[in-house]
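Residue numbering begins at 1 within each chain, and the chains themselves are lettered A, B, C, D, E and F in the order written.
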Amino acid sequence: MSHAFYVYLSYGIAGLIILALIGWVWLDGRARQAELKVLEASGMRRRSAAAKAEGAGQ
Amino acid sequence: MNDTSLAISKFSDLANPTRFLALVARVLPWFACLTAALFAVGLYLSFTTEGDYQQGETVRIMYVHVPAAWLSMMCYSVMALSAIGTLVWRHPLADVSHKAAAPLGAAFTLIALITGSLWGKPMWGTWWVWDARLTSVFVLFLMYLGLIALNRSMDDASKAARVSSVLILVGFVNIPIIKFSVEWWNTLHQPASVIRLDGPTIDPEFLWPLLIMAVAFTMLFFTLHLMAMRNEIWRRRIATQRRMAARMAGREASP
Amino acid sequence: MIALFFRDLKLSVRAGGGALIGVLFFMTVVAVIPFGVGPDLNLLSRIGPAIVWIGALLAALLGLDRLFQADRDDGSLDLVLMQETPLVLTVFVKCLAHWTATSLPLVIASPLLGLFMNMDEVAIGAVMLTLLVGSPAITFIGAAGAAVAVALPRGGLLVSILVLPLAIPVLIFGVSASYAAVQEPAPFMPPFLFLIAITLFFAVIGPLAAALALRNASD
Amino acid sequence: MRLTAEKLAARRGEDLIFFDISFELHAGEAMVLTGRNGSGKSTLLRVVAGLLRPDRGKVEFRFRDGEESRPAHEVSQYLGHRNAMKQELTVRENLVFWRDFLGDAEGERGLSVEEAAEAVGLGSITHLPYGYLSAGQQRRFAMAKLIVAYRPVWILDEPTAALDTSADEMFAGLVHAHLARGGIAIAATHQPLGLRGAKTLVMRGFEYHEAEEVL
Amino acid sequence: MIALFFRDLKLSVRAGGGALIGVLFFMTVVAVIPFGVGPDLNLLSRIGPAIVWIGALLAALLGLDRLFQADRDDGSLDLVLMQETPLVLTVFVKCLAHWTATSLPLVIASPLLGLFMNMDEVAIGAVMLTLLVGSPAITFIGAAGAAVAVALPRGGLLVSILVLPLAIPVLIFGVSASYAAVQEPAPFMPPFLFLIAITLFFAVIGPLAAALALRNASD
Amino acid sequence: MRLTAEKLAARRGEDLIFFDISFELHAGEAMVLTGRNGSGKSTLLRVVAGLLRPDRGKVEFRFRDGEESRPAHEVSQYLGHRNAMKQELTVRENLVFWRDFLGDAEGERGLSVEEAAEAVGLGSITHLPYGYLSAGQQRRFAMAKLIVAYRPVWILDEPTAALDTSADEMFAGLVHAHLARGGIAIAATHQPLGLRGAKTLVMRGFEYHEAEEVL
């Protein structure tokens, strides 16, 4: 096989792995942000409730 | 009084990661742009420079292989530094840092392994030999995977961080072995020609694209590392908030 | 029963870190070999099948001895013993779960390792096939040993005398079938069929013996 | 429906621990085993649960008015000194496993995992790994196991060890509900369990005497 | 400390059957290899030292993951962690006991296996000597892995994966010293001294890392 | 000689279990920890025993009139939920091991194994393997461990779980003898321990209050 084949294959595979890596980190971040939003939407109420409960406990 | 001191200390606990998140948000776009630009220049150079008289076209594999190989070791060093941070200062950011770096390191090691064997086929006539350099890199790859597996199999994040930092530090012996394997054992693999005490011995024709690609890879690593750390911090916040919610629900149910 | 299967699977995956672990383990073992025998590719490809089989045996041994001990220590074994479902079946299912969690990944990963060991395609196929067929036998034998370990607080010695010698025939037929597939004069089928027979035999005997030991063990 | 033990004797190793123990329990009755340490309470319970072979005598469970007889251990749930739950799994996974594995006795319905967790007063933490719980919380969930898979006979070995006072009441409530449904319960204990109308059997090593019903 | 040594020794002999299972596994490995390389006695004796070393390395893994887990499960580890005696020393003594119970028998059995592999006397002596000197290093590294396993509910394969890569240098120098003793030009001393150095190095690093991990894993 | 805990706070996983707990115990004093299941008793004891790093605060042991200070865990014996004895060894082997391994605190003498076995009321069975004992007998021998190797501070987590009533008295006797000798004891419990003049600390999860000396 020609040398060019090896060159392009290695660039290709390296590119693929890097793209997969970037994609994974990116998507992971998106998913976490979405979860955080959901929690924030319901979480504000909980946190204040928690503070109240603690305040009442003292 | 108790309440306020608790609140403040908890706030300062969060302060570091919070400040870190703000910082990341600020620098990340710049890092990303810089990385892209460096890759553009690096790739352009690596395809336009002359081939080697000995190795012909395949020398271009070097521009991917060598930076990836360097990064695989640098990433481990970053993890080792973070591990010290975890064990000595017990800094939560250090925990996050080495946990986030492990998959990145594994990926770069994989690239070095694959491009290396793709280079080996035309140069040495075989995909793989069990020589010291190649095997020690393979061992590095296994160690990355082992650390990932270890981290995944414990769900107390801070304990997992502390325990795996011990292993990271013990495993650090492998890095000098990789670096100097070509000198300690005579192997098929190229001896170092760039990073050496008496200056690079490589032709500047190849040096420039190599260096630019190396910087590009390094920037890529740091960009991804920052992003992965940010993800990890978010993940922990979510877990904490969920647990808090569950606890409070329990409190209300059974007063 | 299905619940038991999945619980055991979950336990070994959760605690050990997943199916990845088996493959990783195997790769580590194989990576160690060339350091010993040297990078001679020819030699490597010759001992390849033997190494892969030894790796499988080792993987089965690591953790197998705790198959019932873990359940005894937390009291689950008592509840399991009280069930109406025949105990043999329960033991069989536990063996299957253990095999799925530790040996199956090895079977699946074996082609990869064959490549590392520079084996040719036929040899790789043969090793994979023999592993698939033969490795359950090791698990079943091991289960009997594990049950004895629970039964006798000081049964440790007995276990090793019981399990390994019984496992050797499996190993030998597995390895020789793999070689027969590659080396010309030797026929592949006879040792392979023998391997199947051994596995079937132990699939019955192993759980039976284990169930018997467990019944007499409980106190 | 009744559980009968006839002239039971049992050995541990070579030593005879007790002999000639008989009792009979009808639907809705409970029995409390007491006695000093090492007097054989756990041994008796393990014999009833079928985990130890009695040296002599037998334990039987008859139902449909004595027509049908089954070995007692097949209709029992046993809660021993150890909780039979896996540290590595979450509480829910543990309970779901036991529900699926044990199944319900015929024609009966155990509670759902959530209801059972509520019943032991820990409704909100079924998602935690079992190993993360305190000793008392672990014991409570081991009790929850009793109600996710229904069995008419409960065999309980020091059920309230590690429980706080509010949990003691919770436990008595569980047992009373079980008895009201026609169940049977045997419990070994050193502390008062607060069971109304339970029989008492005092283990004395080689002797025993069956006390009258106490409050 | 001496009390700890003898207790651990007693436990592994009484409960685990430690010594025997290691030796049996070792013999199994050595028995299976000839099937791979065929009846070529010359070749066998050539790869003999490597096989014996690999067998010893793998056998050392059996049971290693439970080194601290057993103590954790019954609460002894808590008391040990509370002591004034430096934890490193305690770990060191535990390692020694484990080595005596499992690896020493291997060292003693190795001449027998050398005969199986048709090795000559010098080679057998060299293998035995290198094993004696090198195998403690494996135990010490393993201790670090075992300490990590304390944080895990179950160890098993994961521990071996973490330990094996680190054990590779030991294997390399052990094997090359054994070969050097037989093959003329190569000098025996340098790799042998290196092996000693590695063992000493790990005798310090291993217990240190294990102590560190134990301190951090306890909860 | 005194044990001081200052503003302790501890986490389990990520969750804060308690904070701002302080107490001081002088030679001859005992403290009883109570509170509902999961309120953090065991966690506090593990912090005092040095097995868990406190999130904030510190525990210290001062003696020779405050001149010398040592980390508390080095002068303590800890008896947790688990007994720290090996099933495979006999009782005597177990006890001898702990005596040799732990050693005595300076200038003090623990009892011999036989005397200790007598003291917990089980003098005649030290030759049995530990795994052959009943739950209560195992717990008693775990206590015998406390007196074969003398340490001034005893940290006890539900010491009387699984003990019968006569053993409860035996236990109270042991602790009183220890206190009379100038020792210190901290015990978590759900049952009355019968300790005269012990302080009480009620764990409330996030709050706490230190009650007066109770009988």
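The criterion applied here is as follows: contacts are C-beta pairs under 8 Å (C-beta built on N, C-alpha and C of every residue); 3 or more make two chains touch, one makes a residue touch a chain.
Worth saying up front: this structure is predicted, and the values here are computed from it rather than measured.
*Asks:* What's the overlap between the neighbours of chain B and those of chain D?
*Replies:* Correct list: C, E, F.
*Asks:* Note the rotational component of the Cα superposition from chain C to chain E, reported as an angle of 0 to 180 degrees in steps of 5.
*Replies:* Answer in degrees: 175, to the nearest 5.
*Asks:* Please flag the chain sitting at the greatest distance from chain E, going by CA centroids.
*Replies:* Checked the centroid distances; the maximum from chain E is D.
*Asks:* For chain A and chain C, let me know how many angstrom lie between their CA-based centres, rounded off.
*Replies:* About 38 Å, centre to centre.
*Asks:* Measure off the straight-line distance from the CA centroid of chain C to the CA centroid of chain D, and report it in whole Å.
*Replies:* Spacing between the chain centres: roughly 38 Å.
*Asks:* List the centre-to-centre spacing of chain B and chain F in whole Å, with centres computed as mean CA coordinates.
*Replies:* 47
*Asks:* So which bits of chain C are touching at least two other chains?
*Replies:* 11, 14-17, 21, 24, 28, 31, 35, 38, 73, 153-154
*Asks:* Hunt down the residues of chain B that sit against at least two other chains at once, touch-wise.
*Replies:* Touching at least two other chains: 2, 135, 139, 142, 145-146, 149-150, 153, 156, 244, 247.
*Asks:* Residues of chain D that contact two or more other chains, please.
*Replies:* 12, 81, 87-88
*Asks:* In the complex formed with chain D, which residues of chain C make contact?
*Replies:* Listed in rising order, the residues are 1-4, 7, 10-11, 14-15, 73-76, 78-84, 218-219.
*Asks:* Under the touch definition given earlier, write down the residues of chain C that touch chain E in their complex.
*Replies:* Spelled out, the residues of chain C in touch with chain E are 11-12, 14-17, 21-22, 24-25, 28-29, 31-33, 35-38, 43, 46-51, 53-54, 57-59, 61-63, 66, 70, 73, 102, 153-161, 164-165, 167-168, 171-172, 175-176, 179.
*Asks:* In the complex of these two chains, what residues of chain B are touching chain C?
*Replies:* Checking each residue of chain B against chain C gives 126, 128-131, 135, 138-139, 142, 145-146, 149-150, 152-153.
*Asks:* Within the complex, which stretch of chain D touches chain C?
*Replies:* Listed in rising order, the residues of chain D that touch chain C are 12, 46, 49-52, 73-74, 76-78, 80-89, 93, 96-98, 100-102.
*Asks:* Report the residues of chain D in contact with chain F in the complex, numbered from low to high.
*Replies:* Per the touch definition, chain D meets chain F at residues 12-13, 35-38, 42, 81, 132-137, 140, 158, 161-167, 190-191.
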